[in-house]
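Multiple structures follow.
Across the two complexes that follow, chain A remains constant while its partner is chain B and subsequently chain C.
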Partner chain A sequence: MTGLRLDRMIWLALPAVAYLVIVYALPLLWLLGRSVTGPDGFTLAQFTDFFADPFSWRVMGNTLRIAFWVTLVALVIGYPVAIAMARARGLMQVLLLVAMILPLSIGVVVKAFAWQIVLRRDGVISQGLVASGIWSEPQRLLFTEAGLILGATNVFLPFMILPIYSVVKLIDPRLTEAGATLGASPLYRFRKILLPLTLPGIVSGSAFVFSMSVSMFVIPSLLIGDRFQTLATLTGRSYLLMRNEALGSTTAVILLVIAVSIVVVSTWLSKRIGRSL
Partner chain B sequence: MNSDQAFLEIRQASKSFGVAKVLDGVDLAVAKGEFVSLLGPSGCGKTTLLRIVAGLLSADRGHVMLDGADISARPPHHRDVGVVFQSYALFPHLTVAENVAFGLHAKGASTSSIQPTVAKFLDLVHMAAFADRSVKALSGGQQQRVAVARALAVGPKLLLLDEPFSALDRKLRETMQIELKRLLRELGTTAVFVTHDQDEALIMSDRIAVMNAGLIEQLDTPDAIYRRPATAFALEFVGLSTRLKGKVLAAEGDGGLVIETAFGIIRANGHYLPGSAVLVGVRPERMAFGVREGANTVHASVRDIVFQGSRIQAHVVSADDEPFLIETGGELPAGLAPGQHVPVSWAMSDTLVYPAGATP
Partner chain C sequence: MTGIERITSALVWAMAALAIVFLLTPLVVTVAVSFGSSAVFTLPPPGWSLRWYERVWTTRGLWASLMTSVQIAGLATAISLVLGTLCAIALVRGRFAGRDAIATFLVSPLMVPGLVVGIAMLQGFKLVGLREAWPSLLVAHVVITMPYVVRTVLASLSLFDFTLIDAARTLGCSYGQALRKVMAPALAPAFLTSGMFAFLASMDNYPVSIFFTDAWTKTLPLQMLQLVEERPDPTIAAVSTGLIVLAIVVLIIGDRLVGLRRLADF
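== the complex of A and B ==
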């Protein structure tokens, strides 16, 4: 009886499935096909050409390096925030949640332009560092890797905080108290209780931020410019500027492979951690 | 007890949360090896007091002395005070043995000494067979045993227990209570136990502190608390009782009182001025059917007879509809049935008198 009902319920998903197949899966298949099709039919030449070019390796290096730093900075900043949010009570918790979610309603383009102003030679960061004596003269952070990492971290931070927050929320606060009454110092409690129990949140938050950083397009376009290419910006340029569909589909497929591997690895990691917890 | 003998001594502990005063200058002294319960309704401050002793909460005023040292300013991990939490708070990512070993590792015990200590305490709580299990796979009673073993394994000077039986079913609870009391006595552990369950407190404690509204109303042995509650609150909170409002008509020279109540004239012992409003209390098992010479007697009619296995309760009402309870472990008068009118009597010395106006 319930089986029959469930079967019928599945049809409710039909519109969404049809939509995804038409506008997502089919173009994706076309893209995959295009990346292995040459003038004479099937070929892997586009991939071998791509990997033979040192420029390609620099682009992949740029992509992964930026994504790594954005993920690391977001984790270092986001982890304590997630703990504070999960342990805060009443009005304080509401304020923290609003402070984190409200910026999500501002578009990425608007944020990136705002960061352009902040990162300029006469922007607030430069002025602040000069005023505090850390820098001897104003410097431009815009169009540097540091500027890109700062801006991208700001945009993706909520996606690090939320998964960790939801994991901490489920941890009994008595656990760290119990650790304390057993003679464990605050650092020991963090290492042996909080850190292992929040690992699933760290894994999924990092996977979110890393995969979004790998494929971001607007933020690097506005904050670092054309001299610095990532797989995503190169894909965009190939299609939009160079009209080079062969290169564009190749880099797009490589991006896809990276994104899928992140999902697979992080799912496997959190399952593994989940089992041992 | 004087303070020279006290192993744990709490002096003038006070705590407010916002405008709510939770502890109002509590003093408590516990001797070495003693088992003391903090008994009271929720919100009386008992858990707050326990958390202050453990260092998980700081008092607004007052001091906590343990084994001759003032530990008020020490963080919880430097206090040598173990806690068994109501939720047990076992570490879900560790096995049973790893949970028990946690404190030993944290305190930097040598690896060779940890394993035998863990084995010893798991053995004491009958959990040796579960050493390598995940704590998530354990039943409530088993989790509680692990929590006790974990707290005791580090050899705390004092063990605090925060309602550790409340999640267990009644039958298991009674077994665990007796088992835990025996274990703590064998180990000579000093323990402070928080509970709102009077039966639990009566079964387990050497002494009970009855708490109400941020103060200890009475601190005495279970026997004394039950037989001679110091306040109307202690009478109401511990055990069953019939309570009546009354007015002192006459005070005799030898401490005898004549009190007018809804039951008629009652005689009791106490020192009150004629005209004072009082509260009169009687325990149900001190009352008996029939008339006795020199005892207080009330004429009542039987409403219900409730058979409870080892004891029988009779619900009766007085002539002017005041309900009360009689309890007997033995036999009821032959042929007693609901609707019958019978005299009920109790000794003058079993009549407890408190100033009225306090908690009824």
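== the complex of A and C ==
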């Protein structure tokens, strides 16, 4: 290549790497560094103070509980849908792909706004449940945890389905047929063939959805309001409204630690799965 | 097929149909509300009207914020495409240590919560004295768009056969011509897909942008958030319907050029 030595190619990588180091990595390290330094050097006082307050534990609990439910619901809905997507042909396939990609193209603000309308006392869900006799009178789902979980699942569902879909479509359908020919029961085939092969997709999809649910900000502020605080809403509020930068940077660092742990755990899990296959 | 298989298969398809309805619900609601005559979001609407579309033209700040968003997203995507592609070429072709680490690093902004990136940048920019909203937004949005480009172009380049460039040169092309006539067309789908996702990610971003706006410079999601919080009326739905139509047009073009299935390759 025009005399360019292969190890000299690093110069092509340099602009992008330098850019991200300066604009993104250094500020993150600065944020981390400042959160563990006090007037007398290294200290964890910011964090011990934060966790000494019962309110903080409630906020942590809210954050992790909502993220757990959103991930679980997204997995239960997303898994069969990913399988259907890999098998679908013709119109059904087009519909599924469009339903997956089109919502990604409208902003999360718009989606949260639409869910505000759906979850109202006179909204579609309430009307439907009353009409079908499940609810005796109209109820408001807006500003409840159930409403928040429903709205967040809706926004993040494609990020569960697409990673699972991308592993399902690589599975040779003859594998399960071979299992059937050899007399394995459907449940046994699912447990021994489909589930292990799709596990990497489940891990990465769940990691995506959990991570996004932990750090979502606009969805909770529009669907559940200020009385219910999560780490992300508290971080945003303490910077933008309360001008309490000390609290904000503490919660931001906790958010960062959670996000990094999710990446580490999911990478470790996928490696383990890869070895055991 | 045994009985159990028939039941599970039926369940899978029922779930898929339900998921389509579920995923499209916010879009359908938005479109329905935007054409309704009522200001209080009753569904189904008592009557139909176009008044909210007329409102879009007169709502202050909406067009300005749309222009800001499109400019920032377009420029940030273009910068990321250039820097990201150069870097991807180096990572695929180069023989130097730490290539995997560099790739992970460049994609990592996807996994770090946007709010945390935003706060870190806010403090960093303050430190170096960058205070104007517009340049701050642009500098920040390049970080948001970069991972999409690096991820997709890297995947596409690692499938590209570089001996084709040598072949083209043997057949009389200059190096530049070989890149333009052989490599660029092979990478075009990757540029298109990653460019589209990068552009959308920037257009839709609020957790980073929220720290870099001022009274005059707002991005579209922030302007809409402000409208939703202060004066919710179906004007927002009308704007969103416009964006949905735009997205459908882009999807149709994307389908014609690279195919829907490729777009779903996540």
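Just so it is clear, the second predicted complex is superposed on the first by the 261 of 277 C-alpha atoms of A that agree within 3 Å, B and C clash if a C-alpha of one lies under 4 Å from a C-alpha of the other, contacts with A are read in each partner's own complex, and residues count from 1 in each chain.
Everything that follows uses one rule, which is that contacts are C-beta pairs under 8 Å (C-beta built on N, C-alpha and C of every residue); 3 or more make two chains touch, one makes a residue touch a chain.
All of these numbers come straight from a predicted model, not from anything done at the bench.
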First (chain B), second (chain C), both or neither touched by A:227: neither
Which of chain B and chain C A:196 touches, first, second, both or neither: first
First (chain B), second (chain C), both or neither touched by A:256: second
Partner chain in contact with A:179 - chain B first, chain C second, else both or neither: first
Touching partner for A:248 - first (chain B), second (chain C), both, neither: second
Partner chain(s) touched by A:89 [first = chain B, second = chain C, both, neither]: neither
Which partner reaches more residues of chain A (counting touched residues only), chain B or chain C: C
Intersection of chain A interface sets (partners chain B, chain C): 186
Chain A residues touching chain C - in the complex, by the definition given at the top: 1-2, 6-13, 15-17, 19-20, 23-28, 30-31, 34, 77-78, 80-81, 83-85, 88, 92, 94-118, 120, 122-124, 154, 157-158, 161-163, 165-166, 186-187, 211, 214-215, 217-218, 222, 232, 235-236, 239-240, 248-249, 252-253, 255-256, 259-260, 262-263
Of chain C, residues touching chain A in the complex: 2, 4-5, 8, 11-13, 15-16, 18-20, 22-27, 29-30, 33, 41-43, 83-84, 86-87, 89-91, 93-96, 102, 105-106, 109, 111-117, 119-125, 127, 139-140, 142-143, 146, 150, 165, 175, 200, 203-204, 206-207, 210-211, 220-221, 224-225, 228-229, 232, 236-237, 240, 243-244, 247-248, 250-251, 260-261, 263-266
Complex contact set, residues of chain B against chain A: 54-56, 75-83, 85, 87, 89-93, 102-103, 105-107, 150-151, 154, 156
Chain A residues within the chain B interface of the complex: 172, 174-175, 177-186, 188, 192-193, 196-197, 276-277
